[in-house]
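Next, two complexes with subunit A in common: one pairs it with subunit B, the other with subunit C.
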Partner chain A sequence: MSYPQPDSNASVLGGQNFFRINTMLQGPGDIYESDQGSLAVALGPDSDIANVNVYYFDELVASRVNSLQISPDRSFVGLLAAHPTENYPVVNLPGRVLIAPADQFDSSFRPATFNFTVGVGDVIDFVTPVLDVIQYFSQPPSLIPQRSDKEYEFESIQQSAALCTYWLVVPAYGRKYASFNFRNNLNQSVSIGITGAKLGVSNLPAAAAGDARPSSAVQGVIKAVTAVAVNAQLSSVYLASTMGSWDYFVISYTPALLPTSNFGLATHITVSDDAL
Partner chain B sequence: MSRATLTIAAGASYTDCNGKTGAGVLKTALASFAAAMPPIFPDAIQNNRQVGNWAIPIQALSASMSASLGFSTVQLNLAADLIYRACFAGVKAQANGFITAGQGTSLLAAYNAFIF
Partner chain C sequence: MAMKPGNLISRIASELTAKNKEQSRSTPTANSGAPAAARRVESVKQLQADAYDYFTVPGPTALLYSAERYAMVTLTLRTPGPVAVGTRANLTPVNSGKGVRLVTDEPFVIKLDQGTRLYVVSGAVSRVSVVIDLIPATSDIGLERQVVALLTELNSNIKAMRSTR
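Let's look at the complex of A and B:
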């Protein structure tokens, strides 16, 4: 992001009937705030993050803090008041509405077999996930919480040392379906595999020098590593119902290619909330 | 011994909260950590809130816990997750210049005092 974040008061003063936080995440510690109450809270269409925690001032509980979680399948419809002139007890902070992803994003994540050797080791790229949350100030006639399908298309991959692996990490949070298509128009064979990764909160022993990841991850195979010959294609379909739910799709390309041109190794990914 | 950096503290939050759970003092530890945050991150400075606001759910979790709580995997997970996120918020805010190095050091000191 995106800090300082958008001002919810400006949305009201500007006559909008909603306040929207639409931002790329920095990390798992992102938390956003609103001085405004609302009549509904829902994921916006562009969100990669599926589960979002909303904390709000509630006089009916002892701590004055209550929370709810919204997801692609569950918006919150009802009066959710902000109390910025009152304070949460003990910490004495104003009674704003707080919004934070419940899903995790940590760009220090590295796959289990990542080669950390500096200079000649593996290379990793992340498609940074977007958090899109909307507070509605007027009662919407109906809420359609479904997120938009997303398509990612890459016509090349980043160059790295020969015989190493290039890793591409794409947000998967709660998606029910994904299709992966790869086309190898290079002059050498490339092995491609897909795993799912689910992040957790626990430190692991350092795998090697340079490994500073604070998060743990469980990984599962979606598509076993497969050699894609010159001018050949590889396709794979992911269904959450049979392959589990993951935070990331992690794609490996081995060997990463010589530092000439990697144009011609095309990747096309579509993710959807519909189990197509 | 203490956690050397906020990143290490974030990664150790589960281990350290587990230790507090085992000692039966997780509720107190969370409350103390939450109470220590607002003086470090004054609410009047908007950029501080991206870290300081984590004190609110941490305090709420502490308030919801029974003082005589035995081991609870669910509450341990919630606590570790919130502490992890608060520490990470400090890491990112400091890296982006939204809080000072001194504030990051103070947050780490609070972690080492109450959570480690």
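Let's look at the complex of A and C:
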């Protein structure tokens, strides 16, 4: 989780009628806390994470802790009180509202065909997902839970050696539509492929030497690896209704040779909650 | 029998001053005492409404307002709370029912007698809008009623004098 955590009391003292957690995730197991209750909880416009768990102090259940999940299609409207002066049993921690992503994020994820060889192996970059959650302090007149569309622009690829693959991982959580456009302005052809990855838990031993952890994700092909000639374009459209729902879009770039310059391969990605 | 206007006005002045000892003591003279206009302003200030935001702190019951005069207090919770208010000195825990739970954005109005204290307890840092309207005391109202009665009597005397001419 990011430090310092945003202070919900500061929002009250500052006269805001909402408290917003808008932060990039640091790793799996991120959990955020709020001293304030709310009259509604909803995803914020900038969230990449689609499903968020909200835990709260509930005197009506034996464990004193109850939870609910919000998503782009379902906000929670109703009084949800925080009880920081009372403690959750057993752990003996204040009865704050706890907010954690239900979707998985793991920056140690590696695609199934990833080359781990140090020095000449593949390179991977992640677009860190954003968690954006809003607690409303007063009754909102209406809630629009839909997230904003997002656009990503990249102008370069990274390579450690000739023929190694550069992997780019973009958050896909719950998005219904995505558009991928590539233009090859390098001085050689590049093979580009897109897969979807759904993270899971693995009990298998490491698959290869140098493998920090075995690949436990389910992967599905969105666009088979295609050679893009010099000065040519490649476009692809993703629809969740036909291609399934994924945590990540994983894009692979394999140049024919080590590029003399890493700049010149343009990638433009648009993701949306609308099934356009 | 109709009273002469000059006698009647003297009676109004003497009764007004005699009924209120404090006012009688501060009646301005040629050499001392505050001007009457200034005293009126002071009197109005004492009855002026007050409005402010109160920020609660989670924990034990706290004093929100002590009514030195009759007052009508309007409280509006601006955040989710929970916040409870009441006239008992111990309202904890907040959901115990010893006080009234405030509902967000719904004004809660309570009339406080002179000398009554209003307490608050909360489970989270909360913002409460407080509006205090002071209500004139019975003695103030009695004085005003006297003035009205005497003026009415003066009016009827004048009419009676005119009719006898």
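Rule of thumb we're sticking to: the second predicted complex is superposed on the first by the 268 of 276 C-alpha atoms of A that agree within 3 Å, B and C clash if a C-alpha of one lies under 4 Å from a C-alpha of the other, contacts with A are read in each partner's own complex, and residues count from 1 in each chain.
The definition used in the following text is that contacts are C-beta pairs under 8 Å (C-beta built on N, C-alpha and C of every residue); 3 or more make two chains touch, one makes a residue touch a chain.
Quick caveat, the model's predicted, so the values are computed rather than measured.
Q: Evaluate whether subunit B and subunit C can sit on subunit A together after superposition, giving fit or clash.
A: Subunit B and subunit C fit side by side in the superposed model.
Q: Tell me the contact category for A:S241 with respect to subunit B and subunit C: first, second, both or neither.
A: neither
Q: Would you check which partner chain A:P28 touches, where first means subunit B only, second means subunit C only, and both and neither mean what they say?
A: Only subunit B is touched by A:P28; subunit C is not.
Q: Is A:L39 touching anything from subunit B or subunit C once the two structures are fitted on A? First, second, both or neither.
A: After superposition on chain A, A:L39 lies in contact with subunit C alone.
Q: Contacts for A:P84 in the overlay, against subunit B (first) and subunit C (second): which applies, first, second, both or neither?
A: second
Q: Hey, in the superposed model, what angle do you get at subunit A between subunit B and subunit C, Cα centres, nearest 10 degrees?
A: Computed from the C-alpha centres, it is 80 degrees.
Q: So in the superposed three-chain picture, is A:S142 touching just subunit B, just subunit C, both, or none of them (first/second/both/neither)?
A: Neither partner.
Q: So, does A:L93 touch the first partner subunit B, the second partner subunit C, both, or neither?
A: first
Q: When both complexes are superposed, which of subunit B and subunit C contacts more residues belonging to subunit A?
A: B
Q: Could you grab the smallest C-alpha gap between subunit B and subunit C in the overlay, to the nearest Å?
A: Between subunit B and subunit C, the minimum C-alpha distance equals 16 Å.
Q: Looking at subunit A, which of its residues have contacts with both subunit B and subunit C?
A: In the superposed arrangement, which is not itself an observed complex, subunit A uses no residue for both subunit B and subunit C.
Q: Quick one: which bits of subunit C touch subunit A in the complex? Just the residue numbers, please.
A: 55, 58-59, 78-82, 93, 95, 104-105, 123-127
Q: In the complex formed with subunit C, which residues of subunit A make contact?
A: Touching subunit C: residues 9, 12-13, 15, 17, 35-39, 59, 79-86, 137-139 of subunit A.
Q: Which of the residues in subunit A end up touching subunit B in this complex?
A: 3-5, 26-31, 33, 53, 55, 62-63, 65, 67, 88-94, 96, 98, 100, 106, 108, 201-204, 212-215
Q: Please give the residue numbers of subunit B that touch subunit A in the complex, ascending.
A: Subunit B reaches subunit A through residues 7-8, 10-15, 31, 34-35, 37-38, 43, 46-47, 49-57, 59-60, 63-64, 77, 80-81, 84-93, 96, 98.
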